[in-house]
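One structure follows; several queries about it will come next.
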Amino acid sequence: MREAEFTQPRPWEDMAPRVGMDTHPIWCNEIGQAQAMHLPSQINSAQPYPLKGLIGFGLNHRMWPGSDVMGDALQKLDFLVDVDLFMTPTAKMCDLVLPACTSFERSEFKMYAERFGIFTEPVIEPLGQSKSDTDIVFELAKRLAPDDDLLSTDYETCIDWMLEPQGIRVRDLRGHQSGCFLENVKAPPYQKYRKNGFPTPSGKMEFTSSRLLAEGYDALPVYTEPKYSPVSTPELAEKYPLVLNTGSRLPMYVHSRTFRLPWIKKLRPESMVDMNPIDGEERGVSNGDTVTVSTSKGSITLIANFTKIVPPGVISIYHNLPGAEVNSIIESDYRDPISGFPGFKSLLCQVVKQMESSN
Amino acid sequence: MTQLVFSFDVSRCSGCMACIVACQDQNDIISEATAFRRVSSLEESNETETDCQLSFLSMSCMHCGDAPCVMVCPAAAITKNEAGVVSVNRDLCIGCHSCELACPFGAPQFAEDGKMAKCDFCHDRVEAGLLPACVRVCSTKALGFGPLDELTENKAKKASTKIIRALLHKDHFEEKN
Amino acid sequence: MSNGYFILGNGGAATHAIKMIRSAGYKGELHQISDNTGPAFNPMIAPYYLKGITDWDNCFPYGHDFLKEQKVIAHHGDKVMSLDAETSTITTKNGSVFQYEKCLIATGARPVMPPIPGLADSRFALPLREPDTAEKMAKSQGNASKVLVLGASFVGVKLAEVFNKKGISVILADISSQVMPQGAHKQAANYVKQYLEEFGIRLKLECALNGVEDTANGALCRFPDGTTEEVDFIAVSAGIRPNLDFLNPDQVNIDRAICTNQFMQTNRTNLYAAGDVCESFNRLSGSQQWMGTWGNACYQGRVAGLNMANVSTRFAGSVPQHVSPIFSWTYMQIGDALRKGEKVRCEEKGHPFKGPYRITVFDDDVLVGANLINNPKDLIWIKKEINLGLAQ
């Protein structure tokens, strides 16, 4: 199929099953991807087959629940490569780091909505030895798949090939620095489902999910308590009574970006845990005290930040805090059983004030 | 003299802190020194602590009418110009911190050279007909600036429009019932 | 026949009074009597001048043309010998006799020379308050290798730093058991002492000098423990006393300094006082106190000037406060951190060698005082809390 030209090199039967296919089949089939959260488990168990090497593009082991487990697993591999703009902690673990350039140093084709396209022009040449991600892919392809007629060309040629059915060429987009409106693009057919049905097993709108039913789950959405919660594990909750929420958003960060900028760092310089004053008072903690946050997996040290935007009984820790990696205190297999999505927002913990050392 | 002032619409501020970053960019503040603008939040929860209202306040130097910093500076290094902008002459500043002690708003900051630095209303930009950096970057238009009498007049107009609308609305309802 | 309005002194209070008198519309004769010969001098700046941070010119913050612009008749290089509050008459050293319609006493304060045998007569004893003594000290520090700073007041600590930075060996002595005895809590003072010692400044506390003897090159100081040290000069920073010897205490109410009301008037309605020479309202204690700071002097001078020009204004009083940069620390004190009593307790947070530090003093659970080191963050709420708990 034309759409799968760059994503599926061989028929399914000829390829190893996706990572996570055995544990999270619904995810893998529905989304058409491996469940990357399952990587450390497969590396460690070598089931259903061992993993020997990995090439990552912007790989960030700190993103995984049980980030230390993921880091250790990666280092077990025979060969680890990462492509990144920065020498991240993950890149430092690698056998080989291939520097990627930024979007200022390369061209990129991008569509906005259905009819607006742009082919960007770089403002400077790639710095140092860096290359665009796609150029790195082409360089690898020359060595790993030298017979592929598309990957032996270059970025612009491949984009031309992708856009050919629409009659657009990259050279027509060049020179339109702010992009342009594409007259010839065929819009998706109106009410196309009338002819082809919906992309579901029955072809119809499914109010009960036949896929879930086939795997033995409830066909209707049913609320299930998280694996660890005051309701599902009351004994554990006696030791770890607070619900731990992680990964909320701060306005100056986008995922793991802009953490390195001193201007941004100043906006919230300390590694803090957001907690309700009521929970603090119960624990003899004052605003600004150093505290230990612990789960059944481990503990980290943070400064208590009293706030009412977190209700009593819940604490919130942002990700990527220096010296206080909250993902390291989440078990690496703490995942939703169906999707494999990590339980970043629903586990149990306790907060304890750290005694000040004597002067 | 028409005093220049900042205006701030608390109903619009989302606490994004872009104003602080813009200020640091404009003033080439690096690393250790604090920014000239500060954003604080006010949290009000309901009785059962199940909901919380968040409001934000972005504040820099208030360029006070009768500025305490101007009065207490022993070196007369801080002055207020015709546009009402309070600024420090760093050649005269001795870094004694008296202004920091006197200011009710925490506006004076101290740079690596030990001398005072603070918001100067981006007077270079304003003189060139541009907006102060913080006002320009504010995406919700919470921050504004202008001459005091103009802003006051606009505020009065807005308030009277609101009042009139509320009165008309009320009459309309009373009729229906 | 009265000669008009008189301002005695030429510092911060005098300057602001003059400004206000003229801007409030007084067009009559405005005289100034000062024993200095130049423009208004700010003694606070002198240590920074010695340190090399600022020029000599900047010790005169209002510039040289101020008096001319304000149409002030200046009697400089003269001194008030007596003031008769009954007849509103001033007699000066140069023999002038003036009658005032209204008079402001803003003669400030002078350094105290502690009663140590030999000190007052020593050619090497240098107080620091006036332009001429500041210039003397600047010259002396150029050649000095060892200096005794007598009095670990704020000025004394500042001077110790100034000389230490010039490579001079410094002994900082005080009769109190701590540095900065006017307002520093002993725990904060102890940290400052440790910090000073890190730079090699030698602290001699609970130390009352036995005597001073001039030698050919310097002063030989005798310490109570029997030791002696020869120093190039002695910087005297042992406190100040108000310049009010020309007043008759039977006529004008004087406590530790001249007593004033909210309008900065003395007990005589046409006689005002402002600045380091007078007492004013302490909002924290609810009573009059002698609190000499540059900021206070300026505000009091302004209030006195307005009232003299018949614009009725009150001085709201102030909460005692002070800030001192010490090497790379910033030390602040607000309110009364030395309060003692049954219901008094203190809370310490942080450590000045590691980060921000504060010590807060509560009396019956009301915040009454604080010391802060490197702690701009806590300053605002502490000021607010103290204001909330004020006596009135």
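Each chain carries a letter (A, B and C) given by its place in the written order, and its residues are counted from 1.
The rule is short, and it goes like this: a contact is a pair of C-beta atoms (placed from the backbone, for glycine too) under 8 Å apart; a residue touches a chain by one contact, two chains touch by 3 or more.
Everything numeric here is computed off the predicted structure, so don't read it as measured data.
Closest chain to the overall C-alpha centroid, by per-chain C-alpha centroid: which is it?
Answer by centroid distance: B.
Which chain's C-alpha centroid is most distant from that of chain B?
Max centre-to-centre separation from chain B belongs to A.
Any idea which two chains share the most contacting C-beta pairs?
B-C
What whole-Å value do you get for the distance between chain A and chain B if each is reduced to the mean of its CA atoms?
39
Using CA atom averages as chain centres, what separation in Å is found between chain A and chain C?
Taking the average C-alpha coordinate of chain A and of chain C, the gap between them is 64 Å.
Quick check: how many Å separate the C-alpha centres of chain B and chain C?
About 35 Å, centre to centre.
What parts of chain B, by residue number, touch at least two of the other chains?
Counting only residues that touch two or more other chains, chain B contributes 34.
Where on chain C is chain B touching in the complex?
12, 42, 44-45, 48, 53-54, 58, 61-62, 293-295, 298-299, 302, 321-325, 330, 332, 334, 376, 379-380, 383
Note which residues of chain B are touching chain A in the complex, please.
So the residues of chain B in touch with chain A come to 14-18, 20-21, 24-25, 29-31, 34-35, 43-45, 49-50, 52, 54.
So in the complex, the part of chain A that touches chain B is made up of which residues?
For chain A paired with chain B, touching residues are 251-252, 262-264, 266-267, 276, 278, 307-309, 311-312.
Which of the residues in chain B come into contact with chain C in the complex?
Residues 34, 68, 71-76, 92, 94-98, 100-102, 104-106, 110, 114 of chain B touch chain C in their complex.
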